[in-house]
Amino acid sequence: MAKRRLNVGLIGYQFMGKAHSNAYRQVGRFFDLPVEVGMKTLCGRNEAAVAKAAETFGWEGIATDWRTVVADPNIDIVDVATPGDSHAEIAIAAAEAGKIVFCEKPIGNTLEEAERMLAAVEKAGVPNAVFHNYRKAPAVALAKRMIEEGRIGRVFHFRATYLQDWIVDPEFPLVWRLQKDRAGSGSHGDLNAHLIDTARYLVGEFGEVCAHMETFVKERPLVGEIDDKLGATASTEKGEVTVDDAVIVLAKFQSGALGTFEATRFALGRKNYNRWEINGSKGSIVFNVERMNELEYYDNADPSGLQGFRLIQATDGGHPYAGRYWPVAHIIGYEHTFVNLVADALTAIHEERPISPDFRDGLRNQRVLDACDRSHRSRGWIAL
Amino acid sequence: MAKRRLNVGLIGYQFMGKAHSNAYRQVGRFFDLPVEVGMKTLCGRNEAAVAKAAETFGWEGIATDWRTVVADPNIDIVDVATPGDSHAEIAIAAAEAGKIVFCEKPIGNTLEEAERMLAAVEKAGVPNAVFHNYRKAPAVALAKRMIEEGRIGRVFHFRATYLQDWIVDPEFPLVWRLQKDRAGSGSHGDLNAHLIDTARYLVGEFGEVCAHMETFVKERPLVGEIDDKLGATASTEKGEVTVDDAVIVLAKFQSGALGTFEATRFALGRKNYNRWEINGSKGSIVFNVERMNELEYYDNADPSGLQGFRLIQATDGGHPYAGRYWPVAHIIGYEHTFVNLVADALTAIHEERPISPDFRDGLRNQRVLDACDRSHRSRGWIAL
Amino acid sequence: MAKRRLNVGLIGYQFMGKAHSNAYRQVGRFFDLPVEVGMKTLCGRNEAAVAKAAETFGWEGIATDWRTVVADPNIDIVDVATPGDSHAEIAIAAAEAGKIVFCEKPIGNTLEEAERMLAAVEKAGVPNAVFHNYRKAPAVALAKRMIEEGRIGRVFHFRATYLQDWIVDPEFPLVWRLQKDRAGSGSHGDLNAHLIDTARYLVGEFGEVCAHMETFVKERPLVGEIDDKLGATASTEKGEVTVDDAVIVLAKFQSGALGTFEATRFALGRKNYNRWEINGSKGSIVFNVERMNELEYYDNADPSGLQGFRLIQATDGGHPYAGRYWPVAHIIGYEHTFVNLVADALTAIHEERPISPDFRDGLRNQRVLDACDRSHRSRGWIAL
Amino acid sequence: MAKRRLNVGLIGYQFMGKAHSNAYRQVGRFFDLPVEVGMKTLCGRNEAAVAKAAETFGWEGIATDWRTVVADPNIDIVDVATPGDSHAEIAIAAAEAGKIVFCEKPIGNTLEEAERMLAAVEKAGVPNAVFHNYRKAPAVALAKRMIEEGRIGRVFHFRATYLQDWIVDPEFPLVWRLQKDRAGSGSHGDLNAHLIDTARYLVGEFGEVCAHMETFVKERPLVGEIDDKLGATASTEKGEVTVDDAVIVLAKFQSGALGTFEATRFALGRKNYNRWEINGSKGSIVFNVERMNELEYYDNADPSGLQGFRLIQATDGGHPYAGRYWPVAHIIGYEHTFVNLVADALTAIHEERPISPDFRDGLRNQRVLDACDRSHRSRGWIAL
């Protein structure tokens, strides 16, 4: 019997568009899925560019208006991979059209958007997912399994940093990610949202937060003409940076665990340093996206004198996802977290289970982001 | 104008077949190639299994006899990804049929086979490649570039180990890789061949070698019935292990540099520890496949007091291959070395340049393997 | 001409007493000092125990009342290495007696004590030092030199953690370090005080802090009888833990840099993990006491494609202090930070320069500790 | 009752003289020994220099002729810390005079010397020790204990490198360590001797070796005048380097284990990289002197999916020696290996047990060194 085929319409064809496209193209090559994926339509406003991307990424057709994708009866899944300012409008329309809705993180630019988005998918009763892809790294999924097995015990501490360095140069131009109306926020929504999702996934819900945000470079050159060869060129004119360069947060989880969070684009030498550590009453675990195939684990039950952090290579058949790919220690990369997420989502749809993470996760994430924002402005702790 | 399409016929559908298939499927998605790849035919002796693999991996058709692939006028490239005992026969027939010939490493099971294989492709004048894929890791290609730029200076030392641990258990069965008639040798041809290729690529040709091989476990359970669910099951009967478990080698390069090599399947905890270090008169570099996105580099010209090994993440746009994939520090994995190799090979074919590495590299590699073998038997040094 | 001899009276003979004694005994063996050190008197309340310690550590005589040491005209330096609750009384008396005063960190248990202590040494005009020993690790002193040379540029971030795990077990008894009246505070004064000193030393003065403290285990077994063989034994009765188990802090420096601090005794697997990282506009540096001979350094001026964190072994003749000991990469240990501190202090005394760090540093440290404490209670930011 | 006092006469006051002196001075401060050490006489040919050293290091008196030390009835232990060419003469005379004899490694410059030295101490019946100090690092002693407890199982591989970089510059002068008549050999006796001792200590006796030595820089500037400020200055004249710059060795142990050894002074960036790894049937261990407080351990009995190399900090009370010093993770350094060795030796003397390592170890080490030397010249394997 032929498998059900789910046709995807992907809105957005830049960095995330490339990563999502790869996931749809590859997922059936490594996972034995109960459904088939159809790479139906890639959508973007620049027709020439989207046509080129569609050919490169392997899409059957293109669209230049997301409304045509949402209206297309042949589309089953609408995947929103645009900048944050258009997530809500597209996702809500897709839900209202009865589509399965996938959405890049963070779910929206504001809490209000996120609430409307969740309401829309719930009202429509459509499956929905948010691309908190790092949940799907084998080492992170292993961490989750270890916590569920009780290997870490009562959690005392979660400490997380997401460090990058791509805008330390004050002459770096004012791209969309540095504009609040497009991006919603800076490091906070882009990077800290990942840490918050991991925290919720592994430690549980937040109780209170206290945050501070900083913009180290207040003005930057405006983006000038787009040159086909050189990309965006910097203008001599300057504009205001309207998002945070860095955010630091203290948190208390509902469980009583303490959390510290730091997300910044001003940490020279750190490129994609999404690193977190959990300390519990039975053990500790450490993860870093830059070495995403590894998980460090301290087991307090190891014999005295022989204790120490173990470097687990989460790459063998017994580790989540890893057996789908290559033999042990033949590592996978960033793109595979998207493949794994899509595999899980498609399986959940087939089995009529909620997808993890879904819009409820997206909303809860947004609530923490919003609470941090309010804490920053009120200079005090905010309860969730 | 439409690009030239090169149709591939791939012989073999196990581990290497999966890796090669992925490379053909993905190469055009990340590289802007001057030719197109057609995934025409996947070939294997078990029709049901090969049909399933072809569907999973994305091949248009299947064959159960490699001769039909070699004879197929629609096939441009014959890719030999079978165990070593059939490389020579297939590759030579393919060359004689005028096909471009790609071949897994090591090129053959014996020096004599390798010589006949090179003679065949040279006589036929067909492009040819050997899958020494680790040359194509961005960090290794970066190392090559740094050496060519003179950053390492005169090389004094090359020290390399390829450590695995999958047969430490004496009850592990006598699979084909442990049988000389199928595999040619054990760790030597499987693992040491990789180190030798890296050495030739980065340091140059060998002058003399002195080797010792060891089989720690002399007998193992015969492989029993193949069960569809469980795979091979161990029999109670035992058979002789006819290949080396480990090989250790001293080498002197033609340049005067010294080399040490160790390949083993008996190093508990080491899963795919293909690690090498080069010490030169101006600097040192270190690589390990288990962290294949990284290269360590010591620059002796750094200011006194500030010297130290740098951990380079070979993942940004300025690093070989890396710009084709994801932003800096969003790592790639094992499979991408094959994608990069295929991209390079197809480009070289289009530009009518020799492919690197090709059958000459394969033969020279085999000469070193053979010299080590003779050294082991003669208990002394062998000149190349 | 004979060197001036400075006689020391050391109050306290436990862990810190042992470390200070070693420093006095060793300093003249490695440093060519302008003065001599006399190990005159070791002081403690238990006569038998202090006599044994004095013999082991190499002191000429003993005292059982610190007042006799302070009153002794043959004593030049009074070194206070007792628990925090007696620092102020002893140090003030010593200053009033005209002694040079050395004191363990933190300077006192309260801000008021610290203020009185500084006032006393300033009124008496006596040299004074606080044992923030980690300043004196070669790698930390190298970091200071690099910052002063402008290699890091404008500092954006300081992130520091001091993690230990010795009281995770709820059956660990209520020792003096867990009692507020003896220790003043828990992780905060014991561990966070080190981080705060490092921050002030390398980044500058604090502007504002926001802190949260937590006591995960509220009650613990009382310490029972002291058994000569077994040490303290746990009683079946329980008492209240009156200090913090962990503290987390957000900070803004006067320079505009952001800081995060975390000190805890509840991080399983972390034994003495005093680790900090500084990110500036020109480079980054990282240090960890557990590998105290190393400093990681990222230089943004390194050539593109060759950038990465360098692992500097701060052990050669060009590094601060290191040339006094052994050849490069023959590492030194924890105790040498005390030797270096004493060497610096004695030299400064001879040259009539202020000692670094001194009581002013101790007081400023205490002000930050106190501000954190008030922030914790007020649930908001406190300016310094 | 007063402890027996053993008076030491130390011959040599350079690098090793400093390290041995520190050990005698410190050993009683950390270990509760059954005997006392008297630092009686420091001996060297340059009276002014030795007098200064004696004062700095804490010796009671000096001598300028080792014969007076050997003849001194107040001396119990003669410790030979001179270059290798005088070890045999002094040690034999000391033994004949009935002294306890301690000697730096390697025991002599030739096998014949080592044999005569062992014969002398055996004939005299005097306790004797060789300073293979790295045996006494806590992490190495822990490794020994783990092997004896059966945690590693049957050993398959020992791989060891001792890498330094201090003579890569061809203008570095022809110091005594580069002259065969003074030093005996180069990297081989200086560095490889350490690896060989570790191998014998942890794996057992050698069966066969095959070695190659290389001198990369054949001529170097002669050492010119000794300037009190600048030390040795290079002359414009050149002399022949008569020792090896590097040595590489294959080995087969009597147990059947394989070994690889590499010692070099031409590995830029490696300062004191004495690193070895043992792979057995139950686990693996790894050590590196540059991080001498740590031992990596892979336990194959760890649960599947949770296996990985553990980073043990061999610094707590349960680890060999470590409890004598500081709390866990407050690291010790290079010098403490000598303190530990002296503590063990003095205890063994008191208990009338053989010291480990002693002259028999020194001789067996020399036999391996000699076999390597003969193998290098014969270009083949040499049995021991």
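By letter and in written order, the chains are A, B, C and D; residue numbering begins at 1 in each of them.
Operating definition for what follows: contacts are C-beta pairs under 8 Å (C-beta built on N, C-alpha and C of every residue); 3 or more make two chains touch, one makes a residue touch a chain.
Not measured: the values here are computed from a predicted model.
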Equivalent interface positions on subunit A and subunit B, same or different at half: same
From subunit D, the most remote chain by mean C-alpha position: A
For subunit A paired with subunit B, centre-to-centre distance based on mean C-alpha positions, whole Å: 35
Centre distance in Å when subunit B and subunit D are each reduced to the mean of their C-alpha atoms: 42
Mean-CA-position distance for subunit D and subunit A (Å): 54
Touching two or more other chains - residues of subunit A: 307-309, 313, 316
Residues on subunit C engaged by subunit D in the complex (per definition of touch): 15, 19, 22, 25-26, 28-29, 56-58, 166, 271-273, 289-293, 313, 315-316, 325-336
Complex contacts: residues of subunit B adjacent to subunit C: 142, 146, 296-297, 299, 302, 304-313, 316, 318-319
In the complex, subunit D residues that touch subunit B: 156-157, 159, 161, 163, 165, 168, 210, 212, 214, 216, 246, 248-250, 252, 256, 258, 260, 262, 264, 266-270, 277, 279-284, 298, 300, 307-309, 379-381
